[in-house]
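Got some structures for you, see below.
Next come two complexes built around chain A: one with chain B, the other with chain C.
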Partner chain A sequence: MSLLTAAGALYLRTVRETWAGGTGMLLPLTYIVGGAALIPLVAGDAIGGVAELFRRAGALSAAPEGISNSDLLGLIAPGLLWFLIALASLVTLERIFQSDLEDGALDDYRLGPLPMEIVAFIKVIAVWSLVALPALVMLPLPGLFLGLSPLDSLMSLPAFLLGSLAFFFWGGVGAALSASVRRSGLLIAVIVLPFYAPAVIFGAGAVAPLASGSGLDTTALMFLAAATLMSAAIGPVAAAQALKLSAEG
Partner chain B sequence: MLSRLANPHRFMRTSSWLMPTLGIVGLLMIASGTYWALWQAPAEKYQGDSARIMFIHVPAAWLSMGGYIAMAAAGFTWLVWRHALADVAARAIAPLGAAFTAICLATGSIWGKPTWGTWWEWDGRMTSVLFLFLLYVGYIALRSAMDSRESAAKASAILALVGTVNIPVIRFSVDWWNTLHQPASVIREGGPSMEWDFLGPLLWNAVGFSLLFGFLVLLAMRADVRERQAEALRLKLVTG
Partner chain C sequence: MSEAMTDWRKISLRAEGLASLRGFRLLFRDLDLDAASGSFTALRGPNGSGKTTLLRILAGLMRPSMGELRWDNTPDEAIHLIGHASALKPFETPRSATDAFIRLTGLKRKPALTDALLDRVGLGRPADVPVRFLSAGQKKRTLLARLLAVPRPVWLLDEPFANLDAAGRELVERLISEQCAKGGIVIAASHDETGLAPHTTIDLAEPRSVAA
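Now for the complex of A and B:
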């Protein structure tokens, strides 16, 4: 079996498995939309309060009625979307390696032609393409809920694509480390959240200027790309080591 | 020397005198260093007496990072050579490192209130140290979630090694993000920029706290080894 065939088969298997496990395309998207729908409910009063503070301070006196609460919500919307995508990556990665360990597929991978690093890489990419990619393409919808214009959502797409990849690569390490632990969701979150920080910091920095209508911050975008590349370089190697060790028993 | 100490019996013999020595010398140094820092050292020109918290804050910060590096090195040693004692060391260091990181964050917060006017700010240094604390917590959580000592050792060693990416970020955070925390003033190019009046008690305390840290690590390690020996004895009795 050639390496490419093996890689393709592994990709398809992971996609099918994830799909059959109930994490279809719609579930993560619904999760993000649902989360986005809750935020105005919890933050609406605070946003209104901020608008009131600005009005009182005279900052908005020129056009007191021209700026709505949803405009202010739109200012923090990109950050909220980062938050929701990071959480979506955590909840969908829980079973990515666990099922392989349980049904013995992990041993097959170790005997197969692909190095474990590549296996980990492909599996993470497969879950990402099934979970994050459709959700990101549909980003204008939750964006709209949060007062972000569809155009801004689309313009911020490169940053979200890069950042979500970093989330999934680091998340893969957490999932591989806790593959033998039942109900590992919270554990994965505690383990990998510190590693999300660079992608979140540079990602939020990259999309922040959108609010003032001045496009993406390309410097922050490049740092984000560097953070993503680092996660792609370290993540699969660490995940592969963890899988080898847990397969040894 | 490390491989000689990898023998548990030799370790127990060596640590039986090394541990109390470290503890006594460390406590004496901290006591004298505290007297030096609180009564002998002059008040800082701009911050007055509040700057004296530095003599705890800075050693705790150094130990929070040094502890993490030691923990990752122990994990590496375990992964490569499978010395059981390396894992005993890593396991012992984790809660102590977390505690010193918490002390660093807490004293920094207390120091920040009078001098910066805020308990907390999302500045590069503070944020990265907070993440160091979360790394320690994740490490401890991962260990406790594993059902066997072996798998706990494996998984946690990998996590500790991956987590070392945060150490340079903390070290250089004050240079990269010039936000609020002051830049390095002791370990820097061109030597310390601090006056000897402050540097003296600071280094004295740093050594004292390091010895205390070593004492606590050895204490926890010895308890762990004893626990394992007791378990082995129990198994022997059960199986006959």
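Now for the complex of A and C:
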């Protein structure tokens, strides 16, 4: 099937370009691991202090006395991971469409057989699979830094996979809108962060029960999947329109 | 293939009253352009007179500020646009870039065909050298290979002779006349006088400012 050939070629070309970009692939991974390594250092005592305040006020009276700061950190670890993944996705999105616009490849794609919506979809998936997937597979490592057991990290993987896809589809819209702007990272952040909210909210809800030793919250996971599907349906269409607009400029 | 060529005999372009306003500069207006199958149109005009913009409008990548444009009897994906930007990725080689272009069009690549094409455009030797090591002329030749790799009836060429040596310019002239003989339409923006006589010449004047 000829359209499949074209789609495969576009996927491979995007993967090669992202790979050839060098730092692109390792950046989010480094970002997440580095952030997770720093958080216990800066927040450990603060978390203990907050817990002490609540304890004095009687709010934590039910909690056993021997609970440690790292246990408390583990309670919020899944949320912190969401936070880190959301920010890490932002730093990788800047170049998704920018180089194609600059070197004229985008014109080739528009004169070719694939609709721009499909082009945007494939490019986002290609970058996600090269950049986000490895970082997520390595998630038990930063999870460990935050006091989350490797087993819990692996169990929460489906939620993070879905959520990161939503981040990339929305991020693709921001990247397309700002493709003709130099240093567009800031613009992308401002444009897309509000759209991250549903995925972050349902995603955090889905993994929250892990801290208390139970499995994923499947209801929240379903809502997360719905949010991701919505981003997959709307994101590429909006990105395609933005790319056509930027070619007018 | 032969069927495609008979179809090419019916294609035509009709553009009426085209105008392009970029910011406060009127690049051109009241521009009429007719091109029939087998014709070669030359766009001339000083730098900044809107040649590239006109080509992008004809390719459907931009909308004209005014006027209408119609391609008749053209198949899907009828247009090659060879522009200023190289549309080549630094890590690609002439061979991989050509193969990628063939596959991006949805066609199957044939190694022997690619070899023959690259020989034809004079890239037999540097076929596997990454684009970032190629000269401007060799990059241009890499783009010319696409014109042959994927047959499309309409060629919109932006400065096709730029950066090319004498042999390269001769090659471009030969490619253009072959394309016209096949029934294609070639529209080229160029400063250079060539050995090839265009059927029509469109002169774009110095742009006028419309700011008050």
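Remarks
Basically, the second predicted complex is superposed on the first by the 228 of 249 C-alpha atoms of A that agree within 3 Å, B and C clash if a C-alpha of one lies under 4 Å from a C-alpha of the other, contacts with A are read in each partner's own complex, and residues count from 1 in each chain.
Basically, contacts are C-beta pairs under 8 Å (C-beta built on N, C-alpha and C of every residue); 3 or more make two chains touch, one makes a residue touch a chain.
Fair warning: this is a prediction, and the values are worked out from it, not measured in the lab.
Of the two partner chains placed by superposition, only chain C is touched by A:8; chain B is not.
By the touch criterion defined above, A:184 reaches chain B but does not reach chain C. Of the two partner chains, chain B is the only one that A:246 touches; chain C does not reach it.
Contacts of A:108 after superposition: chain C is touched, whereas chain B is not reached. Of the two partner chains, chain C is the only one that A:20 touches; chain B does not reach it.
Once chain A of one complex is fitted onto chain A of the other, the partner contacts of A:238 are limited to chain B, with no touch recorded for chain C. Counting contacts by the rule stated earlier, no residue of chain A appears in both its interface with chain B and its interface with chain C. Across the interface of their complex, chain B is touched by residues 173, 177-178, 180-181, 184, 187, 190-195, 197-198, 230, 234, 238, 241-242, 245-246 of chain A.
Against chain A, in their complex, chain B makes its touches with residues 127-128, 131-132, 134-135, 137-138, 141-142, 145-147, 151, 154-155, 158-159, 161-163, 165-166, 169. Residues of chain C touching chain A in their complex: 56, 59-63, 76-77, 79-81, 83-91, 100-101, 103-108. Considering their complex, residues 2-3, 5-6, 8-10, 12-13, 16-17, 20, 99, 102-105, 107-114, 247-248 of chain A touch chain C.
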